[in-house]
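Letters A, B, C, D and E name the chains as they come in the text, with residue numbers starting at 1 for each one.
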Amino acid sequence: MMFLSLLVFSPLLGIVLLMFVRKTDERMIQWLGTAATVPPLILALFAFIQSGRGFRLERLDEARDWVRLTDLPFFTDAAYVIRYELGIDGLSLVFIVLTAVLATLAALASMLVKTEKKGYFLWLLALEIGMLGVFSAANFVWFFLFLEVTLVAMFLLVGKWGGFERERAAYSYLLYNGLGSALLLVVIAVLLARTGTANFALLHEMLHNPAAEGQLIAPLTEEGRYWLLGGLLLAFAVKLPAVPFHRWLIRVHVEAPPPVVMLHAGVLLKIAAYGMIRFGVGLFPDEFRSFAGVLALFGVINVLYGALLALRQRELKRVLAYSSVSHMGVVLIGLGALNEAGIQGAVFQSVAHGLISALSFLLVGVLTHRMGTTDINRLGGLTKAMPLFSGYLLTAALALLGLPGLAGFVGEFTSFLGLFQTKPALAAVGALGLIFAAVYSLKAVLDITFGRPRDRQEAVMGWREPQASAVSICEPQTSGASLGEPQGGVVDLQGKEAVPAFILVALIVAVGVYPQLLAAPLTAVVETMMNGLGG
Amino acid sequence: MMEQWLESTPSWSNIALFFGLGALLLAVVLAFVTYGILAERKVMGFMQGRIGPNQVGGRFGLLQTVADVLKLLLKEDTIPKAADRPLYVLAPIIAFVPSFMVLAVLPFTDAFRFADIGVGLLYYIAVSGLTTVGVVAGGWASNNKYALLGGMRAAAQMISYEIPLVMSALGVVLLAGSMNLVDIVAAQKDVWFIFAQPLAFLIFLIAAVAELNRTPFDLPEAESELVAGFHVEYSGFRWAFFMLAEYVYLFAMAALVTILFLGGWHPVAFLGWIPGAVWFALKFCAVVFVLIWFRATFPRVRADQLMEFAWKVLLPLSLVNIVLTAVVKAWFF
Amino acid sequence: MTLSAYLALALILFCIGLYGALTKRNTVIVLICIELMLNAVNINFVAFAKYGAHPSVHGHVFALFAIAVAAAEAAVGLAALIAFYRSRKTVQVDEANSLKH
Amino acid sequence: MSNVYANSYLIIFVFLCLGVLLPIGALTAGRWLRPHVPDEMKATTYESGNNPFHDSRVQFQVRYYLFALLFVIFDIETMFLYPWAVVYDQLGLFALVEMIIFIVLLAIGLIYAWKKKVLRWM
Amino acid sequence: MNDVWQSDWSMMAPEWIVLAAAIALLVIDLALPSDRSRRPLAWGAAAAAALAMIATAAMIPAGSASILHDTFRLDAFAKAFKLILLAGGALALLLVAEWAPKEGSPHRGEFAYMMLFALLGAMMMASSGDLLTLFVSLELLSVSSYILAGLRKTAPASNEAALKYVINGGIATAIMLFGMSYLFGLTGTTNLGGIARRLQETNEPYMLALAFLLLLIGVSFKLATVPFHMWAPDVYEGAPVPATAFFAVVSKTAGFVLLLRLLVTIFAAAPAEGRDPSSLLLSMQPVITVLAGLTMIIGSVVALRQRSLKRLLAYSSIAHAGYLLAGFAAMSWAMIDSLWMYLLVYTLMNIGAFAIIAHIVNETGSDDLDGLAGLYRHRPLLAVALGLFLLSLAGIPGTAGFIAKLHIFIGLVVTEPGHYVLAAVMAITTVISYVYYFNLIVQLFFRPTFTAPLGRLPAGLSTAVVLCALGTLAIGWAPGLAYDMLAQFGHFGDFLP
């Protein structure tokens, strides 16, 4: 059964084909690059549907020998064998589908990227492989391996195709996430060294089955487990990001090209949530309990901090960036609640925020393209010129603030519900953030859509998009467009752009109206985890 | 006699004794130098069809050298202002001391000898090499262009010819199986090494002449080119010590050639009733004569010829000699 | 007694050499100091070979090899120094500073 | 036997002392006997009657150093040959082969220097 | 002496091949007229190294044995590390073949065979069972290396590099030799195994500790680790690029060979002051740990400021030496395995990087960072290859560097108690190293180009680059290839005599 490998590595086909396309043939590149994201989408949807019809996902597991670190006689046969292992459950499947969907949409939205398109799509596809792999891995080493693929791909995507301060953002991303990864690697190495395996299931067995504990290569003390979990949580907190570590996120959101941010905000941030649930709750349930309070506290801080700062921003990307911080706080809150509702809420929130931020940044991309700026001060009254766009933007804002019936609501509601059950006081404080969310999202969006343009002249004349000017150093300008008028003038969403936006809105509504869509595959997983937690 | 003393426990009386004997040898050597110089002048005079010294000390000028030495003793001692004073003063001593020290290991007869060390030959070579330092130091300390050039030339020459010298002596060591000079002489009881090692002997002799800075290899002191070489600035007794060192080396080298190749004190064939000391003296005188002869007959070589001869002819030849000797010894003995 | 005297001598020589090698500016002196250190090593080897707890001829052999290697190193060192002098007209170590950042 | 050893080196030491004493004695004696009339001109460096110019410690031709290097190398090589020669009788054929290899390597070194024109004096 | 004749000389086949090739090349170089190209000589030398590698590989199945009174050992360790040394040497020789400095390359013949001599020294070191052979072969390597560093006779930088190398190397040699003399004094033998055995009976802990530290300092020179790392950047920058590659790879490998052979063999069982821990080596573990940590930190932090590519790689190699030393400091069962793995990988990725840098230096005459700018635009394949090597050096998964680093990591935390601090330092310095490696990647892919486009990669360099890139990728994605080979060495069970 090669299904999962096929799923993860199918974009590779696109990469190979792209290599043979001439650099200048941008239409072909766009077409091929987008097409390459379709096979994983089909496969992911297929798996999703099948699992909804009762297909047992364990049957998709794959394993083959990869590295045999040692065959010293005093170790058991399976010790220190790192295998290539893929395997999914409901939790991963949700994220895989999210990834596949957003990847395709991002590829569609990438038509606005004009420079070095070939390289861009190569790395975009590599990023997709990495993300799919992260969620499909059933082995810690391979999880890490795919995680680092996304690191490199993101670095290049941000650093090369980003805005004016793109390299700074890329380095910022690299350093923070590198440190997180390094910490993660230490934890992985310790686990691998002490247990002799990196497979999730085996690890779980080793750590929890008293009988299997005898097979440990070296003992894992109680204290040691706390350190391991602490390391894990810290590593993922950097990648989430929790508040003291959030600066890289702001930079990346602001500087990265919008389609890449779709994937970044949509999927990459969620890897941290996934990791916390999968490894934190999954492997160290008992120890996790004592960290729950801290997590919840950080969650609340995130929510409030992000929301308050978002209030003060006058730049749409920055508003969205801080709102991401705020929303990832909700994920932490859900985890900190440490009950079924909380964890389910965390996952919901992850998916919902993935869809919403993807929509927002899709629109940001269009906005940048049309107006050359995302500065709220310079924009206003777009409803007249771009009614469709304004509608979508408003929908995104409403989803963002958690309007019932849209996806955001389900996640936030369940998460807070979970926390109210365990730590009502914290939850009450955190809920303030939801109110702020309403304020900042509406304020920003309404200013853009209905508000009076503050500096109309400049807005229309289009002040030069920094991205274009920065690129022009490397590439002789092919058209004079970016020097004068904003490209395309003030035109509403067009067919090709409206399709992804429409799909996203549809999904947001679908999840909001029919949460069972997500809850169904999750339930079993979450229940298993709750059993691990002992209730 | 010497053997008993050597085997007695070291003590102060031993030191005194050795001191006395050493002083005796010193006297002998000084006497040799005195009359060696005279002999050289006489022989060269003879070869050039003139008389040589014949005024001071009778018809043969027997006191000529003594007078020369006295003159040197009374000469004013000048040290150039530009010179490096301590080194300038030290240089002649550095040059002289090793020349005398090497005598300690040379066995003149089986009775008349001094130190008996296993690495005698190596000791000779090592200590004699130190003189180069004195020569270079003298040339450098004088701060004079001629002197420096002479000193450098001397150093280059001495180190270049030391290699073939050492390598040719290796043939002798191979045959004798020892570096102890007494053993080497003993090994020549039947066959002198000049016959067993003719090639080595030739190389050794040539290299020895060069080491002694004598014609035809006297470039460091070539009067016509360098005024007087490394000791231009020296006068009086300081200069005398450079000269003394040179002639003591003449003594030592002649003795070494005798020991290594001419069978030391061993007699010729049936003439065993003549004492070893006489034999040694005879061979020694013969070597000294040959060296004087060289001086009278050979023209001086050019600097480039000198150096290239050492490295391109003597060195390969001595390597060949070593291999040949070793192979022959492995095959036939 | 004898042994420790030799060892002390060697140690002192070694330290002098090390001090000189690390502090002197003139490369020739530095090279000589290195030779000094190597000679201290030879004293050690020969002393141990003669008076050590387990006397053995290996010490002499080692000393011989050390001498040879020291010679080779000195030869290469001088060659490097000459080449350096030709291009920079100095033999001071601290003037060998063109390779800094 | 060890007495012979010690006495031999004692003798060498004595010779060293004698060798040092003689020049010191002779030079001291000379100091009493010889005249001492210092003069500015006497203390100048001799340059065949010309006034000395420049410092004489000039940079030397590199070939001097090259020969010095060659000397160091070959002199050390002989150091290996001597012990070998002394015990050659006891070692037999193997030592011969080994030493021939050694000498051939040495010869290659010499040929190398020759070919690279190191041995050219002028 | 009969046993000398009857020794199994075929065990030295790789050494014979290298020696014979070196001498043959020397003679050929002398005989060839001076206007003939010396390029084939370097190719020949590379072929000889490859041949010796085959010979070594052919001997893998044989058990361990020793000849010449245990001065020459052929155990799994020797074979394994000789393979790496020979691979590194052969690849570096490919660089030599294409060496084309601005002033012309009059000494390419010398370059080839001096490198072979150095390689021979390194190989002998891997096989040494005796202090004497260890020392002599180390010096063969060192002295040849000094010459290699100074081969650009008319370039002041090269002269300076050679001079610094000689001085520092000489001091280190003397220090190490001083330590060896104490070892000899304590035991009266120079055989490594013999020393180890006799040391168990000695009761001179201070002298022994002194000897250990002296040896460690001496070895740290070869490794270019703290406290003896300062020579490396200057020498790496000044030396010709192929020589730099050789130092960075072969010399470093040889240094670790020395470290293991010398310190582990001798001190693993040597008594220490006090009975706990029982072995001197273990009681010195904190010292080594601190040195490893400092090396990693200094190497990676100082590398951040470099503009010269060679200098940057020099500091990076210091950092890598720190990682390796950390693997050594762990002293786990995985120690030799992980060092072997790391060195193998390190050889591939480093030579690959140096090959491309060699091309840039050949073409532009400078090794400034700017030379990389916009390489992707006119030589995309080259840029991608260099990017791959840099990612591997940074230890990004998917490349060989990750696997090797992971192995060392595991070694660090597998012991009880684990070296968590060292592991953390290693992790953090790795992240710091991301900055300068990615800085190069930024230059490669993001920056506009200022220089004239580079010419095509010559045959030797492209061979090296292709081989290294394939190796880096293959080990990155299918580490089993390398681990299968490693398994043949039986985890170096016969390492201790």
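Observations on the model:
Please note the rule applied: contacts are C-beta pairs under 8 Å (C-beta built on N, C-alpha and C of every residue); 3 or more make two chains touch, one makes a residue touch a chain.
A quick note: this is a predicted structure, and the numbers were derived from the prediction, not measured.
Under the contact definition, chain C and chain D share the contacting chains E. Note on connectivity: the fewest chain-to-chain touch steps from chain A to chain E number 1. Where contacts are defined as at the top, ignoring chain E yields the following touching groups: A | B, C, D. Chain centres computed from CA atoms place B at the largest separation from chain A. Just count the C-beta contacts per chain pair and the biggest one is B-D.
Our note on geometry: chain B versus chain E, Cα centroid distance of 52 Å, whole angstroms.
Distance between chain B and chain D, defined via averaged C-alpha coordinates, is recorded as 13 Å.
Here the CA centre of chain D is 40 Å from the CA centre of chain E. Each chain gets one centre point, the mean of its Cα atoms, and the points for chain C and chain E are 25 Å apart.
Contact between chains, as defined at the top, is found for A-E, B-D, C-D, C-E, D-E.
Taken in their complex, chain C has these residues touching chain D: 64, 67-68, 71-72, 74-75, 78-79, 82, 86.
Looking at the complex, you find that chain E touches chain D at residues 1, 4-5, 23, 26-27, 30. Within the complex formed with chain E, the residues of chain C that make contact are 7, 10, 14, 17-18, 21-22, 27, 30-31, 34, 37-38, 40-41, 44-45, 47-49, 52-56, 58-59, 61-62, 65-66, 69, 72-73, 76-77, 79-81, 83-84, 86-88, 93, 96, 98-101.
Residues of chain B that touch chain D in their complex: 5-10, 14-15, 18-19, 22-23, 26, 73-83, 92-93, 96-101, 103-105, 114-117, 121-123, 140, 142-148, 152, 155-156, 159-160, 162-163, 166-167, 170, 173-174, 177-179, 227, 232-233, 236-238, 240-241, 303-304, 306-308, 311-312, 315-316, 319, 322-323, 326-327, 329-330. Only residues 333-334, 337, 374, 377, 391, 396-398, 402-403, 406-407, 409-416, 418, 420, 423-424, 427-428, 430-431, 434-435, 438, 441-442, 445-448, 478-480, 483-484, 487, 491 of chain E touch chain A when the two sit together in their complex.
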